[in-house]
Amino acid sequence: MAELTMIEAVRMALGHALEEDPDVLVFGEDVGIDGGVFRATDGLIQRYGSRRVRDTPLSETAIAGLAVGAAAQGLRPVAEIQFMGFIYSALDQLANHAARLRNRTRGRLSCPMVLRVPFGGGIRAPEHHSESMEAMLAHIPGLRVVVPASPGRAYGLLLAAIRDPDPVVFLEPKRLYRAVTERVEDDGQALPLDRAFLLREGRDVTLVTWGGPVLEVSEAAETLAGEGISAEILDLATLKPHDRQAVRASVSRTGRCVIVHEAPLTAGFGAEIAADLAGHCLDSLLAPVRRVTGFDTVMPYARLEKHYLPGVPRILDAVRSVMEYA
Amino acid sequence: MPESDRSDDPFTRYLDTEGNVVRPLPEFASDRAALVRLYEAMVLTRSFDAKAIALQRTGRLGTYASSLGQEAVSIGIADAMTPDDIFVPAFRDHGAQLMRGVTLKELFLFWGGDERGNDFAGPRGDFPVCIPVASQFPHAAGAALALVHKGIRGAAVAVAGDGATSKGDFYEAMNLVGIWRLPAVFVIANNQWAISVPRAEQTAARTLADKGASAGIPGLCVDGNDVIAVREVVSQALERARDDRQPVLIECATYRLGDHTTADDARRYREEEEVRAHWKEEPIGRLRKHLVAAHGWSKEEEEALIRRCSAAVDRAAEEYLATGPEPPRAMFDHLYAMLPEALQPQLAELGDG
Amino acid sequence: MAELTMIEAVRMALGHALEEDPDVLVFGEDVGIDGGVFRATDGLIQRYGSRRVRDTPLSETAIAGLAVGAAAQGLRPVAEIQFMGFIYSALDQLANHAARLRNRTRGRLSCPMVLRVPFGGGIRAPEHHSESMEAMLAHIPGLRVVVPASPGRAYGLLLAAIRDPDPVVFLEPKRLYRAVTERVEDDGQALPLDRAFLLREGRDVTLVTWGGPVLEVSEAAETLAGEGISAEILDLATLKPHDRQAVRASVSRTGRCVIVHEAPLTAGFGAEIAADLAGHCLDSLLAPVRRVTGFDTVMPYARLEKHYLPGVPRILDAVRSVMEYA
Amino acid sequence: MPESDRSDDPFTRYLDTEGNVVRPLPEFASDRAALVRLYEAMVLTRSFDAKAIALQRTGRLGTYASSLGQEAVSIGIADAMTPDDIFVPAFRDHGAQLMRGVTLKELFLFWGGDERGNDFAGPRGDFPVCIPVASQFPHAAGAALALVHKGIRGAAVAVAGDGATSKGDFYEAMNLVGIWRLPAVFVIANNQWAISVPRAEQTAARTLADKGASAGIPGLCVDGNDVIAVREVVSQALERARDDRQPVLIECATYRLGDHTTADDARRYREEEEVRAHWKEEPIGRLRKHLVAAHGWSKEEEEALIRRCSAAVDRAAEEYLATGPEPPRAMFDHLYAMLPEALQPQLAELGDG
């Protein structure tokens, strides 16, 4: 069992899927000989050939629509959008087709496709390369939206996504690609697509997050532990459908919740979590539900990026404020 | 498009508007049975159309897109296809859907606002009607990729209107099938109008077939009111797609004789004069004249056919009208392969087990 | 002062804007001689000519991008997307360009465009013609998102949108187009773009809504009045930036909130409102915040549509449940 | 593209790779000063490029897209334009931006991750660098519409790469300017690669210029390594755009001599051999040879120029490096014309007044 980065885990899952199912195809911009701009597909074209690992022309609408068409005919396309900033051109295919094909044909056709999308900030990338608009995707009925936050979860969730009979958007937090390593075995074990992961048990406050900020949230929890505040951390992992029960259960115990995400505050996915608590855990809440998020402004270029992202100090402030609330 | 306009272009036509043979017919077209098959399918399509409009006018069908005048495009395409091919329609291809095996009742269901109309019995791999204009072209590319992957000797055939040729997805998909050499045939049913926008204001391209050049694939023009021509050109294109992996773009020049949909009033934006002129070119009369002249198609046969078509359409309409709506929970039954637990409370709120 | 339907009010506002500002242009599919598929632009091409009122080719990406380009050079384009189901192809231009142009050029260029989009269900329209995805738009920083719910507000808000120096998406609830009439004067008076409208004062519960459901919410409030429940109704009208203060103030008084929208529940804009209350009005809340919304499934075709939309009975149930909450 | 490949196409070139004049030069090109102006601008661009890469390698600039080898496209375009024209660049058009009046420091700021780089002093109506490939073409259409509306005799010039020609927005915008006859010139800087995807795998179209046919607009091919040719063809296209309202598509054949960006390693997907071969065609040496032969361009002039360019670039880099970041609140200052009240609390949370 090897120590892997997340990008290696993604690659291993892709290899496993290509190996186990001849109907799995990988395509996208630069996924072939270049191995993907983040190297997620490195070596795959050499192993599985250019019939199964294909470079597309530069056209996101066609990439998504090609996946829909191929999936409808029984293949298992795993397509890539190079950066989330370029996913908008694929949304028509995702919302109007992928997410509905099974429903509108009453089960006659289905759409077992995966769209992999590196997302999020924190690597000082150029403009349009650092967005997080998972909430827009999570609003689309019929999709699944999955965000791994560790190498192991990337491997298990990606396998699950590829094997899932319905369309999955798989969002990979770029800044975690090489940030941590973890022992991951290539055992073909999928992880469940509708369960939150408990990263840390705690009594006083529930921290809900996904993707990149898992790092800062974990760091904050350490600091808080030093202050005698016991924080529980949930990695939501699957945003659609998300594990409402896990969040409610945790908050029912702790009485406090702070949600952390990179995307802008307004209509971000944190709103759904807070709303669910306002609807179902009112009596348990000892303090307001706080959201620590990207601001409602355009993700700044590299020089100001760090001021935009929800950093450890802002998380600590929020947690302390809910702890002090009386 | 009036004959005169097309004189410079290679423009495939076998029958002129009077049903006269203007160039040697392709082999299949000397066979009476084959022509009768095409003719019957067009007449049935038109009967369906009339009934659908009548139902809509009386509040028993939803907004409906008529195929009046464009039957030859639909029927020519479908007759050229095999069961291994995959059909990827727009919203005006009733004729092709029928010929592929979708039932009249299923069509009524779809246009009546019932998803079960897309769960059609016949061509199980065919795509349902596509409403977002041109977004079906990438699906055809994907379907063609699947055919190649599975080693099936078939092609994907996508159809859309002249308006669709302005959309990015049309070009992206065409470019993709061109460079990957996927077995796909893209057909443009150029009915000269996109709602109120005439072909001449849709694009400055000389012909819509010319757009094939942007993807490096052949672009052919055919008289879309001559079902023999459509059938033959699509047939040849399918061969090239299947055997040479050469995708092809085909522009069928036809005309939308009716309103855009039952929600539209075409008199707001086009002259009755223009419509009347195009009635002279419509496909059914043309083939009938040829059938009468060359194959002794009789008055009795004609009347019997009309009766058969009406009866079939009426019967299907009755079946449709007798079909109650699905229970509301149907909206969740096929959302995912298995309804996620998280959605159970919503099913409960919807309130019918 | 005439009794107008909403569609007439929209048309009157467009005419007023074309009249008062020579840099206002109207374009989109079928907006010219046809007057728009809903007749919003009826007669405008005759009055203002085909240089100012233009039919575009069938291409939503180009329509939105054209508006961005023209607005950047000082024009005031008012573009139309024929139905919200077809807006996805315009999102790249909205999110990646319109919403950011001012910010990324630090004010050098700006984007005073309006994108009008008929939206919502309830008219038994064909597939893809009845969606409500306002939450996706409201998540995009730099946009304004406005939803009129009466002829008068349509007139005043559309004028404000056109005069606004920044990009506005103006969502017109189709089923209100001809549902009610109201006296509206063509006085060029704009309404504020960041204020909720109080439609009905009440003591016991705050009903927050926008667009089409204003009808059902009003009807429900009548019924509730008969039961001795005094409901306050807020028409949010502008979703981005929305009037948080008005909602908080009302809920602080009533202690109860039910949010009603047509869009699917999960990550719908109702989530933002509920989340804001969970974050700022916890102590005032006497009952959980309920959301009565479209379900998390694909908007059904006409035959089942009415079961999908939040009807009066579901609104009543929700209000009664929060009133009974103890 | 190697000369030999282009023999059938009309392909405008004045200077061969040795700087020899292969067809009668356009008028401007007999003027030494004009040629020197073009030459200096190309050299300055290349100096900027080298410095930018050096800064990036030492962690003082963000990911950077080099224009090495493509200078003639940028400079030829910009030199053909007037202040009334509007430039709509992609992300590799540093040369054109500089020539239009954007300062070296502003370019460094942009690539250094500072939005102030887009608030450039020079061409206030020009668009900033566009990262989402091809999404700038519709802007050029809109800008051209604005020029027409305001009665300004100018045109909008958009540039993008070969990869951009696969995107739907390219076609949609081209179709729109074609049918509305807007004064726009669309230039494709075909550098033969879209990251790792070679031109030959991007599209089956014979040439990228052929794609103009899909919009009914002329498509021209020009040697993008011959700045005289680029300048002349763009100049003529601008005349047609401004005076005849005839939009034009121009394919400039050039070559990306460097990596795609500083984040890329082109050795993963292309042979050094190929790159070496293309060095023989690069634009600066070619024009220098011509300047030397035809206009007595001296060693001293050359050396002085290089020194001037380095000095200017070094000075700008220092100014850039000495420029502190904006205060964080800048991210709200220009979000809207006036910050909505609703956002004040966020500004407070950001925590710098």
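Chains here go by letter, A, B, C and D, matching the order in which they are written, and residues are numbered from 1 within each.
Keep this in mind: contacts are C-beta pairs under 8 Å (C-beta built on N, C-alpha and C of every residue); 3 or more make two chains touch, one makes a residue touch a chain.
In this text the structure is predicted, and so the values were computed from the model without any measurement.
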Open item on the list: Taking each chain's centre as the mean of its C-alpha atoms, which one ends up farthest from the centre of chain A?
Closed with: B
Open item on the list: Tell me which has more C-beta contacts between its two chains, C-D or B-C.
Closed with: C-D
Open item on the list: Between chain B and chain D, what distance separates the C-alpha centroids? Give it in angstrom.
Closed with: 44
Task: Mean-CA-position distance for chain D and chain C (Å) - done: 40
- [ ] List the centre-to-centre spacing of chain A and chain D in whole Å, with centres computed as mean CA coordinates.
- [x] 36
Task: For chain D, residues that touch 2 or more chains besides their own - done: 115, 132, 166-169, 172, 175-176, 179, 201-203, 330-331, 335, 343
Task: Numbers and ranges of chain A residues touching at least 2 other chains - done: 57, 59, 61-62, 85-86, 89, 92, 96, 103-104, 127-128, 141-142, 241-242, 295-298
TODO: Spell out the residues on chain B that touch chain D in their complex, using ranges where they run on.
DONE: 166-172, 175-176, 178-179, 181, 201-206, 210-211, 213-217
Open item on the list: Show me the residue ranges of chain A that touch chain D in the complex, using the header's touch definition.
Closed with: 29-30, 32-35, 37, 55, 57-62, 85-86, 89, 124-129, 265, 295-298, 300-305, 307-308, 314
Open item on the list: Applying the document's contact rule, which stretches of chain A touch chain C when the two form their complex?
Closed with: 61, 85-86, 88-89, 91-92, 95-96, 99-100, 103-104, 127-128, 133, 135-136, 138-142, 240-242, 263-264, 266-275, 277-280, 282, 285, 287-291, 295-298
Open item on the list: Looking at the complex, which residues from chain B come into contact with chain C?
Closed with: 62-63, 91, 112-115, 129, 131-134, 163-164, 166-169, 194-197, 201-203, 263-264, 268-269, 325-326, 328, 330-332, 335, 343, 346, 349-350
TODO: Could you pull out which chain D residues touch chain C in their complex?
DONE: 86, 88, 115-116, 118-120, 124-125, 127-128, 132, 135, 137-147, 149-150, 156, 168-169, 172-173, 175-176, 179-180, 330-331, 333-337, 340-343
